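Below are two complexes that have chain A in common, paired first with chain B and then with chain C.
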Partner chain A sequence: MSVAVVGSRCRELALLVARRLAFAVPVLVIVAVGVFLLAAASPFDPIYQYYGVDVFTATAEDLAATRARLGLDDGVLTQLGRWLAGIASGDLGTSRSLRQPVAQVIAERLPWTLLLVTVALVVAIVLSLVAGVVAAWCQGGLFDRMVTAIGHAMEGIPPFVLALVAIAIFALGLGWFPVAGLTDAGAPASAEQVLRHLALPALVLGVSQTPWLVLHVRGSLLAALGEDHVAGARARGLTEATVVLRHALPTALLPFVTLLGTRVPELVTGAVLVETVFSWPGIAEAVVTAALAVDFPLLAALSVLATAAVLLGSLAADVAVALADPRVRADG
Partner chain B sequence: MAELLADPTAGTRPVDGTRSPAPRWRPAARARAGTPRGRATGGRARARLLAGGGLLAALALAAVLVPWLGGLDPRAVDYGAIRLPPSPAHPFGTDAQGRDLLLRSFAGLRVSLLVAAVCAVVSTVLGAAVGAASGVLGGWPDRLLMRVVDTVNSVPHLLLGIVIVALYRGSVLAVIASIALTHWTGVARIVRSEVLSLRDRPFIDAAISGGASRGRVLRRHLLPAIVPQAALSTVLLLPHAVWHETALSFLGLGLPPHLASIGNILGEGRAAVLLGSWWIVAFPAVLLVAAALAVAGVAAWWRDRTLPRRRSELGL
Partner chain C sequence: MLRPVLIVLGVLSLALATACSAPTASGAAGGDPTRMVLADGYEPDSLHPLLGYGVEGAAKFFDGLVTHDADRNLAPALAAELPVVAADGLSWTVRLREGVRFHDGSAFDADDVVATYRALLDPAHVSSVRSDYVMLAGVDRIDPRTVRFSLRNPDMAFPHRLTLGIVPAESLATPAPLEQHPTAAAPIGTGPYRLVEWRRGSAMELAANEEYFGGPPAVKSIIIVFAPDDNTRAQRMRSGEFDGTVLPPALAATFDGDGSGFTVHHHSSADYRTITLPSAHPVTGDPAIRLALNHAADRQGMIDALLAGRGAPASTPIPQVLAEYAEPSAQFRFDRAQAERILDEAGWVRGPDGTRARDGVPARFNLMYPATDTVRRDLAQGFTSDARAVGIDVALEGLGWEAIEPRMATDALVLAGGNPFDPDLVGYPLLHSSYAGDGFNNPAHYHNPAVDAGLDAARRATDPAQRAAAVRDWQKAYAAAPGFVFLVFLDHSYLVRERWDGYRQVVDPHTHGVTWGPWWNVEDWILRS
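Moving on to the complex of A and B:
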């Protein structure tokens, strides 16, 4: 590939990224405004949230003064403007259920979620690649039929059921792993502690994502094995391993990368459920805490954050595919 | 090579590699039937139908009959029989309030399936309306509606569902709205593309040149043609609706506790697992998974039967 071609390719990719980011901004704003309007239309009065049980003993003047101070009596649009202006200036509001600024909640919890999700993703990718390739290689064999059957069956098992089963067997039955939490009670967050507590949730989250990936790898590898360039490689007398791993697999992996990018929503969903069951102190668990307490500022910030993750995931997958495959046009 | 020769359409393809435009009216079913793959899926499809349909019928029957025949209230609390392991008197054991889990699980299954069915119908109607409007109107309304679909799709479904349920908590209506408002987008896309492909068909042209008004074409020709597609979407959405409702209820954000669904039972059983009472979670979980697989099996059979080419378009 000449330098000029590489240069134009880079420009194409930069344009792709710029265009997608430009599309992402209005989507994020719409999601933020949408969540705000949903909250404004909700019958739930934020004053109850602010006061808690004390609302029943507070005087009417107190309540009125607080409402005025919080600006709850202003019109919906005024409140919306104030909220958006706060976000624009970096103030995400204060979470009432966790009694912290929202920015601090995110800063404290996001790393733990990223750790969990990354390890789970690695588990899922390794598992699905190995099982999918072996299954497609021995199509129709015992292993293939087992992988396909287990894959289809696992699609029907929600992550929280998987998590409960894993806790019952590996934590309570065999005692290999701790039941929940980030560390043992009162212990500092040392690497050894965190790793021991991370193992089970990361495995559950990874395994819960695997069925779709395995079946996809198997299917696309089977399709790739039927393509002309693979038949050509076979005809040239290359070994079976070279044909499958060097000629068929790369073609099969391109749609796999795209699939990984589109499965970010499921990963977020899985993280919400798994973190809740394992009391993992991540951002996804905060979603449930916030929802149970109708903690609107936190809920809105987390929705926008999750949407950004989804958009980033699909962008990253598209860029990766365009980088790996020169046939893909990045300007389409 | 042998497959290439056997393929009756292979010779009609232009040599330069550009395929002739695919004929629109279901050629795939016939083309597939001859290939080994087609035969294999045919056999598997029947097995899927028999297994899935049989299991679903049995579960549905049990969900109706067990709470009725048992003669007991699934909500009846018995503090003398807390967390009893499975026994002849209580085949599934009892939970932390001494409620019989056999009755409770099947009553919960009934609630879960009912709510899921309502959700699937509501989101299909919503999605079909948006998709049909988008396909029929075209132009900027179409672009706008598809942008809305894209935007809704970029928020993880469970998260958007949680936001909706959290802000309108504690009612069945909120759960239904939460599931319907997040699952209509796939239906909208499918119905839109169906309408777009229908618009150019000869029978529509014939109706228009026969003097039919716009409304009549829509009512008599377009809408009946998208009904099979919409019905299929409803069935394909069912397992997702079951899953979504169960997840919400499990988190304590779904149906109110007195309307015990499987999700509620599992959510309440979480603490019991730590005390070693595995049956409180095991039996309802097995029921849930069996129901989800049965529904998914029947849905997959129907999809393959009616639309062999559309296997993965719903992305379900």
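Moving on to the complex of A and C:
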């Protein structure tokens, strides 16, 4: 490949990234405004969140004064304008359900979610590559039939069921892992503590994502094994291992990368459920709290964050594919 | 080329095996006795007194001017002695304790008291407990050691309101909604414990305040783990992770005498559950229906069937355990025949379908309950079947609060609340006609001049015997013409590891969580030798 070609390839990719990011901005704004309008249309009254149980002894006069003071009676557009103005000045607002600035909620919780999701993703990739390759290799064998059957069955099992079963077996039954939380009660968040508590939720989240990936790896590897260049490699008398891992697998992996990108939304949803079951103090657990309390500033920030994760996930996958496979056109 | 795959598999299985064999035993059992780990099903929204944290005392981080002892008598806390009332009953003077310091090292004086109560009254701070202080006109500093509270009208129950935690004046300098204030999550008080860390949704760590004016607590560190699910909490309790928790009575009873090292404490409470009977509704507003329903409800049956026998029948908001105030004659007996007789005499006759009617109006009304509250749902169902038995048809509706609130004046509701301290605190806003339809206070517009007069008399009476008599009078007046069907006072059940001495039985308020219950005086507990 000449220098000029590499250069034009880089330009193509930069254009792709720029175009996608430009598209992302209106998408994020639409999501934020949409969440805001939905929250405004819901019958939930934020005054209950502010008062907690004190609402039952509050007088109507004080409730009205509080409403006015917090701006709860203002029109939807006024509230939306106030919120957007805050965003523009870098203030994400205050979460009413967690009683913390939204920026602080994100700063405190996002690292734990990233840790969980990253480890889960690695678990999912390793598991699906190993199991998928072995299954395709011994197509029709016992292992292949097991993987295919379990994979199809697991596609129908929601992550929280998997999580509850895992707790029942590995935490309560066998006592190998702690039930929930980030650390033992009162223990500081040391590496040893966090790793021990991370194991079960990360495995559950990873395993819950595996079925699609493993079936896909198996399927595309089988297809690749039937292609001409693989037949050519076989004809040249190369060992079976070289044929499968060096010639067939790379072709099969390209769509796998794209699939990984499209699994990001599923991973976000899975994280919400897994974090809730395991009391993992991540951002996804905050989503549940915010949604139950119609905590608009937090809900909007988290929806935008989730949308951004999905957009970035598919962008990263597309760039990776374009980088790995020169045949892919990046300007489409 | 198969080798890399095998290596990866090998590493994976090795990693799993190591993770599996890692030790998991830890937690509280056998650990440091100055450290206590509690599990709570309820996490506070905020830790600010003006946002309702610890307003009934036992606030751990905070002290009020006064506090309640185990027998519910007032005792001075940040006050040097009990508040003194002026001759006209319109002002209360409080002398303050000297030499007290906040957790941040600053000295406590009259300015802090004045700032806390002025912030409470100032709408700009948007305190959620402001409505409890409608009688309070203002507060003034007399000298650095004395403050005076001015009231709009005489109120002998007022000192019971002074359990509100005092915060440093500096923390209230900016008038802004308190929910955004840093101290809403990072409390600064004078209390026996200070906050070390609060990991939202997970745990809270408290450390003893060695400078506490009542002496440093012997339990140096308290960790409160938040675990909302009752069964999970019980499981983790069994695995020895915690030194105590709150559980539903039936679940707590499974730990009784099983050698697990826990004592089960069942606390009586003033935590009532009642059915409101809206005055504006043609059926629930009828005196005969109201009286008949009170006789038709099998309260003990509900306690036995729904609450594992843990609870006390309720007829008024004053529980029988408060012997000094409870009026024995103001109790309703379960007597179905009596209920039928009352309805027959009032002209409510049974129709062919068993439902009574009078002048073409069927004896039928709706009963709302918050859909997520299983205890209220069960009680509502029990009440419905008891009402059905005497020919009154009740239609149940499980709803959210936002759907309940606008209908409270016309549809019945399962309401909860309660406070074991002065009867005025719970009785007045619930029963006095001046509170009718005011927020959630007196939601069914109960109006009874004799009850109003008794409540007012109790508020004004300075002599304790006179007050008790007035409280008994309004209970009798209420029982003659009830506007609710009080069902039960719930018992609260707790598990406590047998490791410390100092536990004192109390009557619980409606408050949630482990700050109350057996641990209300944890700062006085000592290690068992």
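For the reader, a short list of remarks on this structure follows.
Note that in this section the second predicted complex is superposed on the first by the 327 of 332 C-alpha atoms of A that agree within 3 Å, B and C clash if a C-alpha of one lies under 4 Å from a C-alpha of the other, contacts with A are read in each partner's own complex, and residues count from 1 in each chain.
Keep in mind that, in the parts below, contacts are C-beta pairs under 8 Å (C-beta built on N, C-alpha and C of every residue); 3 or more make two chains touch, one makes a residue touch a chain.
Note that this is a predicted model, so its numbers are computed, not measured.
Within the superposed three-chain model, A:Phe56 lies in touch with chain C and out of touch with chain B [touch as defined at top]. In the superposition on chain A, A:Ala153 contacts chain B only, with no contact to chain C. Shared-chain residue A:Pro43: touches chain B and chain C both. By the touch criterion stated above, A:Ala290 is placed in contact with chain B alone, chain C being left untouched. Shared-chain residue A:Pro255: touches no atom of chain B or chain C.
In the superposed pair of complexes, A:Arg96 makes contact with chain C only, with no contact to chain B. Touching more residues of chain A than its counterpart among chain B and chain C is C. Looking at the shared chain after the overlay, A:Val179 reaches both chain B and chain C. Looking at the shared chain after the overlay, A:Val310 reaches chain B, while chain C stays out of its contact range.
Applying the stated touch rule to the two superposed structures, the overlap between the chain B and chain C interfaces on chain A comprises residues 43-44, 172, 179. Chain A meets chain B in the complex at residues 27, 30-31, 35, 38-39, 42-44, 152-153, 155-158, 160-161, 164-165, 167-168, 172, 179, 262, 264-266, 268-269, 272-273, 276-277, 287-288, 290-292, 294, 296, 299, 302-303, 306-307, 310-311.
Those residues of chain B lying in contact with chain A across their complex are 150-151, 154-160, 162-169, 239, 243, 246-247, 250-253, 266, 269-270, 273-274, 276, 278, 281, 285, 288-289, 292-293, 296, 315.
The residues of chain C lying in touch with chain A in their complex are 1-2, 4-5, 8-9, 12, 19-22, 24, 26-28, 35, 37, 39, 45-46, 51-52, 55, 123-124, 126, 128-132, 134, 177, 179-180, 184-185, 199-203, 205, 221, 223, 225-227, 232, 235-236, 239, 241-242, 400-403, 405, 415-417, 429, 435, 437-441, 510, 512. The residues of chain A lying in touch with chain C in their complex are 43-45, 48-63, 65-66, 69-70, 94, 96-101, 108, 126, 130, 133-134, 172, 175-182, 184-187, 195-196, 199, 239, 241-242, 244-246, 279, 281, 285-286, 289.
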